[in-house]
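Per-chain numbering from 1; labels A, B, C and D assigned in written order.
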Amino acid sequence: VISPTNSSTTQPIELRSDNAAGAAVEILHAVAAANSGSALAYGADDWSAQLQRRVSDVFEHPDAVVIPVVTGTAANALGLSAICPPWGAVLCHETAHILRSECGATSLLCGGAVMRGVTGESYKLSAAGLADAFAATRWGDNHHSQPSVLSFTQPTDFGTIYSVAEIAELASSAHERGLRVHLDGARIANAIVALGCSPAELTWRAGIDVFSLGATKNGAVTTDAIVCFDPAIAAELHYRVKRSGHVPSKMRFQSAQLEAYLADGLWLRLAAQANSAMARLAAGLRHLGVELLAEPDVNMLFGRVSPATLERMESAGLLFYAMGADIFRFVTSFETTLVEVDEVLSRMADAVAG
Amino acid sequence: VISPTNSSTTQPIELRSDNAAGAAVEILHAVAAANSGSALAYGADDWSAQLQRRVSDVFEHPDAVVIPVVTGTAANALGLSAICPPWGAVLCHETAHILRSECGATSLLCGGAVMRGVTGESYKLSAAGLADAFAATRWGDNHHSQPSVLSFTQPTDFGTIYSVAEIAELASSAHERGLRVHLDGARIANAIVALGCSPAELTWRAGIDVFSLGATKNGAVTTDAIVCFDPAIAAELHYRVKRSGHVPSKMRFQSAQLEAYLADGLWLRLAAQANSAMARLAAGLRHLGVELLAEPDVNMLFGRVSPATLERMESAGLLFYAMGADIFRFVTSFETTLVEVDEVLSRMADAVAG
Amino acid sequence: VISPTNSSTTQPIELRSDNAAGAAVEILHAVAAANSGSALAYGADDWSAQLQRRVSDVFEHPDAVVIPVVTGTAANALGLSAICPPWGAVLCHETAHILRSECGATSLLCGGAVMRGVTGESYKLSAAGLADAFAATRWGDNHHSQPSVLSFTQPTDFGTIYSVAEIAELASSAHERGLRVHLDGARIANAIVALGCSPAELTWRAGIDVFSLGATKNGAVTTDAIVCFDPAIAAELHYRVKRSGHVPSKMRFQSAQLEAYLADGLWLRLAAQANSAMARLAAGLRHLGVELLAEPDVNMLFGRVSPATLERMESAGLLFYAMGADIFRFVTSFETTLVEVDEVLSRMADAVAG
Amino acid sequence: VISPTNSSTTQPIELRSDNAAGAAVEILHAVAAANSGSALAYGADDWSAQLQRRVSDVFEHPDAVVIPVVTGTAANALGLSAICPPWGAVLCHETAHILRSECGATSLLCGGAVMRGVTGESYKLSAAGLADAFAATRWGDNHHSQPSVLSFTQPTDFGTIYSVAEIAELASSAHERGLRVHLDGARIANAIVALGCSPAELTWRAGIDVFSLGATKNGAVTTDAIVCFDPAIAAELHYRVKRSGHVPSKMRFQSAQLEAYLADGLWLRLAAQANSAMARLAAGLRHLGVELLAEPDVNMLFGRVSPATLERMESAGLLFYAMGADIFRFVTSFETTLVEVDEVLSRMADAVAG
């Protein structure tokens, strides 16, 4: 279990979560700029139309459809509800956010579907784990919830990432068995930056049918989004988003955020800032002799220190989550500056020294 | 059926809906001001704490709990889900928004509960209609969805309002039969202003158990809210909002909007602007000899003109909804200026003259 | 509201409901005969295979699929769930059993869909009522539950019947708008007998996509059934019946009942007995000068007498339901004998005479 | 995965499942006897009233309420729905029938609740597994489905049983944390016989709040049942059974089965026959040198033989399920005679000899 630490009298430095960051000024400005005259509600506005074009461009797909929703949980559960029948099972890693941290939203919005945890190292779905899940399935037997969707988390909640090839291979296996493929992209920009791939390569070209386009953790104010590439999925979502209360009347203020986020590569620049801050932080920690549980792929790092060091870290005003007595998690965000990183490393040097 | 009109080359004037208005600058400023440092997600922030105190103060109730949600549909359906069992029936007026315009959100989020339309003049629930609904109920018979909630819309979607006494009397009848009482307050500020009552008088003092606090139609950017006065209802909502994807991670940006909205009476001033613009508009129309279907109580008006006049109104750049060939609906908002009202009246004079 | 009457010392005669009748001996014998050796569970038995063939033969359709379920409510709600999306609306007469007397089962099993009452005389859907419902629909607007199914009750709960042509015309209108068509046939055998049509003529040839094949009210012990004519509907039902707990392990005992019911026209003979008993009863009542609210089409009759007569009827041991002070409902069943009818008429003569 | 074997020309002997057995003649007679005159529908009949008294007597609890339902899946999912909120998690063994073999019925009927598999040896919940599940829970955190019910399967689907003390201890731990306790008693009679305890000792005295009273696998024709001991649970079930289509109109034919089943200890005699047939079978197999994976506690046995022996067993007309190439499962039922057991052993002797 994770318990938050308290700040000291020193100026605290935020390393708890990218959720704790604020909003990017470009996106705040876009919200203000959208406050211009009247506009029809529920998405029949110019900002929302522009956003559709932007998503088609950025993801290089003519049928890409984007639907702004207020949370990643809504994006995941609604996206899944469009491709999983009520009697279906969503296969995901046993540590997936949809399984562990969304209070059953997927079961609710899929009309009673179930989720099944699949094993795999590094918090990632594996070919072997998927094969086991398939082998354990009595296909066509109505006593069994039928595997209907494979859901990736990219990056995982533990900061690891799939290669494009890994996703493509697993997605292909899923499609062969008639499943559809979903991706929880709460931090997808961080993964795209880390992989150096294009948005299309990581999504539909790799076999993703629908995904959650995370924005809030990376600078948006009040919006994430669902993106799909199939008009049939979009048609389902058209009604499902409304009946779950996820169609804001003043949609322009959501659409404008996403438009600013995706325009001119802002989303990737913001993610790059978080990733590179983490890279510098990891290098510095290694230099200090701190044990890292894994090399950080994106903007999240787990390390092990002595319990006493952990306490000194807390006292030094580092805001982070501890897991047990000696494991700490650091998360950087688009707001994390290099000055802050160096200050963290300075405090860590003291904490480690004792 | 309502069909939108098109603007002409003349500068259009927005009278379609208060949903088409933008955001109040005070609320936009509050969003920007909340972008200040890091803050824990999901409501564990100072802005959200301050909002709780504000709602307790404004509604004069120590147990008032406010939960920001992104839409009025979410506020209604989730609020209802906390007080209606899955086998229950929500009684509401046969023209209620929850019954007609929310795509069954209440049935979804209440786990399959049903809604039943009750008759009453002026689009309002009536004692006779409620008595009929009760008389038609086989209480305790499990073949029948059991009336469990009475839901008001205040003001109604047609711009009429209940007096405080009317609500209190109907709510009392409902409570006597074991029902709980809900209020859809998408435009509640307009009703409070029109009635000259206090927020407490229109809600818990009149017997309301939970209500939707509309803000978006009246100047907020991206938030409405649920308010309840009973810790048991709040406890249910704690989980229900999460599992339907309605807990924004950067809650501070929602809470800050509502705090600005309620602080210093901003919400009532904004509503007063919309109401008084409508009052001036109605007086002017009557002066022009236009038939009003009813005296507007808040910021909405229905009038009848000849089909030819209706066409001329469209050509004159008035943005409004027509219902059939000769009925028009005008809605003012907090953004409607007196200059605009006078310009509308000027164009109406020409349109009526032919 | 309906209140049951009490029996007197005289031998009571059952006229409350065909639900109060017992089981036909042929069907009881079939249950006993199915207790023969071991057989795989869940429908993988010879009796169930034979029933599938029987239903194809009786309904003259190669793709007819029958699924035994334990109640008419299950048959209706599950049948509807296979053709109504969660955001859909089921249009039915405002007095339909699914709307009034099934505790929201359709909303539950359709994942939150809604039901909408349509007006029409004689408790029947009308072309005008359907046209009104269509006209009131904002097609494609996601604020509105979309009409997705038209559901008939044949005969209605008030004993009236549609002609084959009436059903075909309304079903055609529904199909034109993209709706599917369902029929609640809790007493379908009585309607087939009354109309003198074939089972195929009243169902798929008239445009019915899926229907509830009532059996319990007409002699079965513990089973009704769903019948559909489209493999895609059957595929949906395959899982939906299981996940709602409606796949009996010893299915043979359900299938055997339905096989006996449909074989050699037993179901029609049983219904004919109920209908003809009612015809004789109605003729006798008219002869006695009793006012009938309508000519009975099947096995149900409503009459008006003085309150004093109603009391004498109760004292005379007639078991029936009264509606208000002067209306009575008589229902005959396959068990009602002509001797009983004559005894009812004799007691009625006394009751009327005072 | 389990695949069924085929019978040979030899007279087949049923060892696949107790689901494949027929009905006990005493129970069939009770159905026929209930076909006596008219009776009100939906449980307002004498047989159902008598059954309530019988269940109170047999389970020695004044508030025991029994609700006949047509399947074990319905009994489980509905029983759980009365004690698990929609945001809850049902903790059960990772091999539990509700988790593996009911197509998500619990998630559907609990309104989107989830099930979580807990580890434990011998297919049984363990104190350590439950402690782990509790430790992994973030209590009160609305991101997490909250453990709300602990569900036992007694005996397990693999034929092992809990002692009364084991159930009582785990149930006590669950109650301490605010969970309610459910038991899937699809074969509860076999467990009661094996343990030599009273029905009360295994249920409410051990802390069970609601349980599924299996009857179909042990001689009933078309019914299982839910039993609870708390009027508040019964009140919930009153509506929940109806809205899921689980209230048969001719309830007397279900109630009469259960009354005959419970009267005079028939259910325990039938279970004792199945258990003792299995005991004799196990002793004989051990005598033949067949490896048993565990000593059978009730009426189910798993053994390992060579693949060639497995094939000879199939050829010898033994009907059973194979799991992989060398594991077989034998299940006896109340219909299994000692003559059959000896014949099975004779054929096994030949099969083993090769």
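Methods note: a contact is a pair of C-beta atoms (placed from the backbone, for glycine too) under 8 Å apart; a residue touches a chain by one contact, two chains touch by 3 or more.
Keep in mind that what you see is a predicted model, and the values were worked out from it rather than measured.
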item	value
Reference subunit D; chain at largest CA-centroid distance	B
Centre distance in Å when subunit A and subunit B are each reduced to the mean of their C-alpha atoms	34
Averaged-CA centre spacing for the pair subunit C and subunit A, given as whole angstrom	52
Cα-centroid distance, subunit B relative to subunit C, in whole angstrom	42
Where subunit B touches two or more other chains at once, by residue number	42, 86-87, 102-104, 108-109, 111-112, 142-143, 239, 242-243, 247
Chain contact topology (line, ring, star, complete or other)	complete
Contacting residues of subunit B [partner subunit D, same complex]	42, 85-87, 111-112, 142-143, 146, 238-243, 247
Subunit C partner contacts - residues on subunit D that touch it in the complex	4, 14, 16-17, 19-23, 25, 28, 31-32, 34-42, 69-78, 102-105, 108-109, 216-217, 221-223, 239, 242-250, 253-254, 319, 335
Residues of subunit B defined as touching subunit C within the complex	1, 86-87, 89, 100-104, 107-109, 111-115, 135-136, 138, 142-145
